[in-house]
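After this come two complexes, each holding chain A, first together with chain B and then together with chain C.
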Partner chain A sequence: MKALLLLSSLGVISLLAEIFSFKKLLYPLVLLGLTATFVLNIGDWNTNMSYFKMIQFDNYAVAFTSVIIVVAFLWFLMAEGFFKDETNQTDHYSLVLFALVGAVLLVSYTNMAMLFLGIEILSIPMYILAGSNKNDVLSNEAAFKYLIMGAFATGFLLFGITLIYGATGSFNLEEIKNAVSVAGSAPSIFYIGVLLMLIGLSFKVSAAPFHFWAPDVYQGAPTVITAFMATIVKTAAMAAFLRLFDDTFLRVAGTWTNVLWIMTAMTLLTGNITAVFQTSTKRMLAYSSVAHAGYMLLALLAANSYSSSAILYYTLAYSIGSIATFCIISIIADAKGSDGIHSFNGLGKTNPLLAGVMTIALLSLAGIPPTAGFFAKYYIFTSAFMAGNVGLVLIAILASLIGVYYYFRIIIAMYFKEKTDESIQVDLNHKLLLIVIAFAIIALGLFPDCVIRLL
Partner chain B sequence: MITLLLIFFPLVAALLLLFVKGQQVRNIAIVAAIIEFAIVLYALTQYQHGNATQFEANYNWINSLGISFHVGMDGISLLMVLLTTFLVPIIILTSFNREYSNPSHFYSLLLAMQFALVGVFVSLDGFLFYVFWELALIPIYFICLLWGGENRARITFKFFIYTLTGSLLMLGGFIYLYLHTPGNHTFDMHALYLAGQSIGLSGQGYVFWAIFIAFAVKMPIFPFHTWQPDTYTVAPTQGTMLLSGIMLKMGTYGLIRWLLPVAPLGVEHWANVAIGLSVIGIVYASCIAIVQKDFKRLIAYSSIAHVGLISAGILAVNVQGVQGGIIQMLSHGVNVVGLFFIVDIIQKRMGTRDIASLGGIRNVNPQFAVLFLIVLLGSVALPLTNGFIGEFLLLNGVFQFNAWAAAFAGLSVILGAVYMLRSYQSIMLGETNISTQGFAPLTGNEKAVLFILCAAIIGFGVYPKPLLDIAEPSVVKLVAGVRMAMGK
Partner chain C sequence: MSAIFTIPIEWYILLSTVLFSIGVLGVLFRRNAIIIFMSIELMLNAVNLLLVAFSSYLSDSKGQVFVFFIMAVAAAEVAVGLAILMMVYRNSKSSDINDLSKLKW
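Presenting the complex of A and B:
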């Protein structure tokens, strides 16, 4: 809760920066604020505080909030250039910070109203940020598409909430859960409501067949915003999804497991297969991000004791890997004017550091030991195996192999293709950030216990 | 402690090498590799004969999932580690005639590879084994990608995808076993053995195939071999040596250590098919080897034939077969490294590996001819060379399983003699032509490598007892355990 309050006040403070002109101080202030938020958030561990039955900071919420804040911190380090634009500086800060507030609400809600508010608080800043590259047609398209599709998803979600309220007379998750304590005891509109909410949340995590907005939005938005969407937004949406379906709706699992089974398989296959055919790395990662949602759904579908810690670990591993890849893509795209795979040709010779970190990050996304991505996949597979979803695990294994194929295209381009240009200048803090992330990916992979025993 | 030192010393050396500039990095690399070998020799002196696992180290790693960093060596592991640490300095020595670009990366990857290989051979925890298994793939992939020959990107990528497919299936198999361990689940090797033996025939059948395919790809066994000839041919010489000399043994070692004990009924039920595939591979690869024009490719195919016999012998599940398999792994490692080095020597001097365009080298360099002949005779399993004991035991083991299988497997000896002696004849004997006239004498390091290998081939062939003794108690124990689980 303290984290939530501090994040909100940081957002308001950054709005004031324009008026009281301390814009130069804002960047260090935000970093400091995020550090403080992290510490305060850790203080909520094991307190299990509930506020007005609206939000509850149980360990689940605290753990996911920590992931969100850590990733946000890394994201701010990566996105420093994004805040250089004088005219919109404070707007950018406050929009991002408010989006974080939404994200924290999404991992801690215990009431449908808070779920809805969280999604809106998270999404509306993202619609604006996606279009923050105002002179770029693609960025405008991204914002517009995101808004329309997001509104659609919200519509489904609201519809679902309404029907569930109609069936149970409550927005409170606990009461909804108890209303269906006997199987088949709820009116049929309840089940329709569950399915509508499933669709709404699938939009948000970009699960197939509701993923069509993702590639265009990811490609059109400024790269740093894409990184934000692929990591923090996805983490929060997935945590919200898990909180709702693996707890509140678990008793009506029969309604949604078959549907989700098919959606998971589709997400894994379409995401990975379509990624193979992309020539733009940003778009490739957009599809790969769809695919990663599929892996996480595997654990969600398993709904067993491993699920929440598996998704927690997966979101962390996937997010830090993505931050590194998007950071490198934006550096390359800025220097060479293109994010096509050919821009990476010969990077192993011209910029060994960038190539090395990119390789580690891609190995992690592909799930090769000893990186964090490997353990994340292993843990997800175990969870799914335990639930008896052997068929789905086989599909996921196949999907991982396809994944290796397109991630390695970048690695091959970096080390095998002849260099085309001189080396790129990278500023020191980006270098440091990338080195830290590379170490974090390996360290997380070697010592996963420090994360997974949390939940 | 010794085991930990053996695992991590090459890794530390590999990381340090990254900071060394220039060609002298290879001197440091070889010193590191020799120190590693010395550590193994020290371990040999400390080794207590018997079937117990020794030099154990066990640390909690991922507590909440029952995964531990548990390593140790019994006789079988010790021999594999001995082979690895014996071959790596030799492989480094063979590179002394070449100037690789970015030498520090090259030697660093080579030692990183050694780290993973030793890890595979000493792991006593399924998860740890899997991690090392996969870890071994990354350095060799980059060695082949960065320093390989033509078309390397496509070929090494095929190799990577192939082995990864197998590995992921194995991971599935391991998870399946893991979930059958009692209580909070554990990846401990013996717990996995018990879990595997408790799940009945159909479950063991799935486990058998999931794990067997992973090993079959690595070795490779027909029909999972299609990546191998191209990869061996295109890889730089040292990469080929690592792949064929040591990495291949990960698969055969895996059969003994993991596949037989976790799925004894599966092995028994599917042995006909698996041994059948192995034997088909022997005959098929030998026939293809006969018609090869490229000498390096010929040896690649001969390797498929040899490994097919090892696999068949191990899957027959008797003491002779498994013991023979282990002995043959050592011999094949030494011989194949020798043969690939001979290819390298010829190619460097003649600029070609085409068997038909060579000839009469013996007239120019008789010393090389003798050394080549010794390596070759080891490879075709002449008595008193190292190849003989292994093949004899293996054929004996396969014969106990099925006489017909042994008859066809025995073709490997005959066909092996055909393609090896024919290529020797064509390369070394006959008229000296214009290009082979200028065959330069062997350099110091080439002589050193070939002398060491020839000494190993003859020494091991004449007096194999010390090495046989190291593995035997462990093999007897393991085979007895597996056969008991089969109800024999």
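Presenting the complex of A and C:
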């Protein structure tokens, strides 16, 4: 709750910065604010505070909020350039901070109204940010598609919420859960509602067959915003998904598990297979992020005691790796004017640091030991295996083998292709950030217990 | 007994489902961006109608409060949507979404 209040106040303060002209101070202020938010949020650990039965800061919420804040902090370090342009500077800050407020609501809601508001508070700033390159037609298109698809998904979600309200007379998750204490006791509109909510949330986490907007939006949006969408938005949406389906709707699991089984398999395969054919690295990572949603759905589908810790660890490992890759892609694309794979040719010789960190991040995304990504996949697969989804685990392993292929295309381009350009100048801040992230990926891989034991 | 109870709740569900489906089909098949926005509004208003009906039938005010949330958020969403549409129109001089297909694999 303190995290929520502090983030909201930071958002308002950023808006005031325009009026009282302390724009220069805003960047350190926001970093400081995020650190304070992190500390205050940790203070909520084990308190299990509930606010008017609307939001509840149980350990699940605190853990995911911490992941979101940590990733947001790294994201701010990466995206410094995004806050440098003369106009709209403070708007950018406040939009990002308000999006974070939505993300925190999404991991802590205990009422459908808060789920809806969380999704909208997260999404509406993201629509604007996706279109923040106002003169770029691709950015315009990304913003427009994101808006239409987001609003469309919200419609499904709301229709689902309404039908569930009609069946149970409540928006409160606990009351809804208790209303269906005996399997098959709810009216049929309840089950339709659950499926509609499944569709709505699948749109938000970009699970196939509702993923088609994601690659377009991820490619068209400015790279820093793509990084935000692929990490924080995905973490929050996945946590919301998990909170709803692995708790409230667990008693009606028969209605949604089969549908989700098929969707997970489709997500894993389409995400990974389509990524193989991409020439733009940004679009390739967009498809890979669809695939990663598939791995997380695997643990969600398992719905056992391992699910939440596996997904927590996975989102952290995946987000940190993605921040590094998107940071490097934006540096390369700025310097060479293209984010195609050929831009990475010979990077191992010209910029050993960039190439080294990129390799570690990609190995983590591909799931090669001893990086964090390996253990993330290991826990996900264990969770699914315990639940008896052996077929799906096999599909996931096959899919991750395909994944290795396209991640290695970039690594091969960096180390085994002739160099084409001179080395790129990289800011000191970015260098430090990348080194920290590389160490974090290895450290998380060596000591996974410290995150896994949290939940 | 108010007038709303003279019609069974099933009829409200049916009406809302039909309105919602019209909205969905509009989003999927219309090519003009403004009409797509209108279709999305139709989807949300179908939800509002159903929420109010359920709220009356359950004699519970929570549903009506939720409607206010939806109306407020939908207004914000449309404001942002129209702004984005203006931005698109400035760059491409068109509100036909077929012109928005530069991002493809």
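Assume the second predicted complex is superposed on the first by the 455 of 455 C-alpha atoms of A that agree within 3 Å, B and C clash if a C-alpha of one lies under 4 Å from a C-alpha of the other, contacts with A are read in each partner's own complex, and residues count from 1 in each chain.
Keep in mind that, in the parts below, a contact is a pair of C-beta atoms (placed from the backbone, for glycine too) under 8 Å apart; a residue touches a chain by one contact, two chains touch by 3 or more.
Note that this is a predicted model, so its numbers are computed, not measured.
Visitor: Once the shared chain is lined up, is A:I412 touching chain B (first), chain C (second), both, or neither of them?
Guide: Once the two structures are laid over each other on A, A:I412 reaches chain B alone.
Visitor: If we overlay the two complexes on their shared chain A, which of chain B and chain C does A:Y127 touch? Say first, second, both or neither.
Guide: second
Visitor: Scan A:F116 for contacts with chain B and chain C and give back first, second, both or neither.
Guide: A:F116 sits against chain C, while chain B stays out of touch.
Visitor: Spot which of chain B and chain C makes contact with more residues of chain A, would you?
Guide: It is C that touches the greater number of chain A residues.
Visitor: Under the stated touch criterion, which partner chain does A:I452 make contact with: chain B (first), chain C (second), both, or neither?
Guide: In the superposed model, A:I452 contacts chain B only, not chain C.
Visitor: Would you sort A:Q278 into first (chain B), second (chain C), both or neither based on which partner it touches?
Guide: A:Q278 contacts chain C only, not chain B.
Visitor: So, does A:S400 touch the first partner chain B, the second partner chain C, both, or neither?
Guide: Only chain B; A:S400 stays clear of chain C.
Visitor: Contacts for A:K204 in the overlay, against chain B (first) and chain C (second): which applies, first, second, both or neither?
Guide: In the superposed model, A:K204 contacts neither chain B nor chain C.
Visitor: So in the superposed three-chain picture, is A:R243 touching just chain B, just chain C, both, or none of them (first/second/both/neither)?
Guide: neither
Visitor: Where on chain A do the contacts from chain B and from chain C line up?
Guide: In chain A, nothing is touched by chain B and also by chain C.
Visitor: Considering only the defined contacts, which chain A positions touch chain C in the complex?
Guide: These residues of chain A touch chain C: 112-113, 116-117, 120, 124, 127-128, 131, 134-135, 137-138, 140-145, 147-148, 151-152, 154-155, 158-159, 161-163, 165-166, 169-171, 189, 215-216, 219-220, 274, 277-278, 283.
Visitor: If you look only at chain A, which of its residues touch chain B in the complex?
Guide: 363, 368-370, 374, 378-379, 381-382, 385-386, 393-394, 397, 400-401, 404-405, 408, 412, 415-416, 447-449, 452-453
Visitor: Of all residues in chain C, which touch chain A in the complex?
Guide: 9, 13, 16, 20, 23-24, 27, 33, 36, 40, 43-44, 46-47, 50-51, 54, 57-58, 60, 62-63, 65-66, 69-70, 73, 76-77, 80-81, 83-85, 87-88, 91-92, 97, 100-105
Visitor: With touch defined as at the start, can you tell me which chain B residues reach chain A in the complex?
Guide: Residues in contact with chain A: 61-65, 130-131, 134-135, 137-138, 142, 145-146, 152-153, 157, 160-161, 164-165, 168-169, 171-172, 175-176, 178-179.
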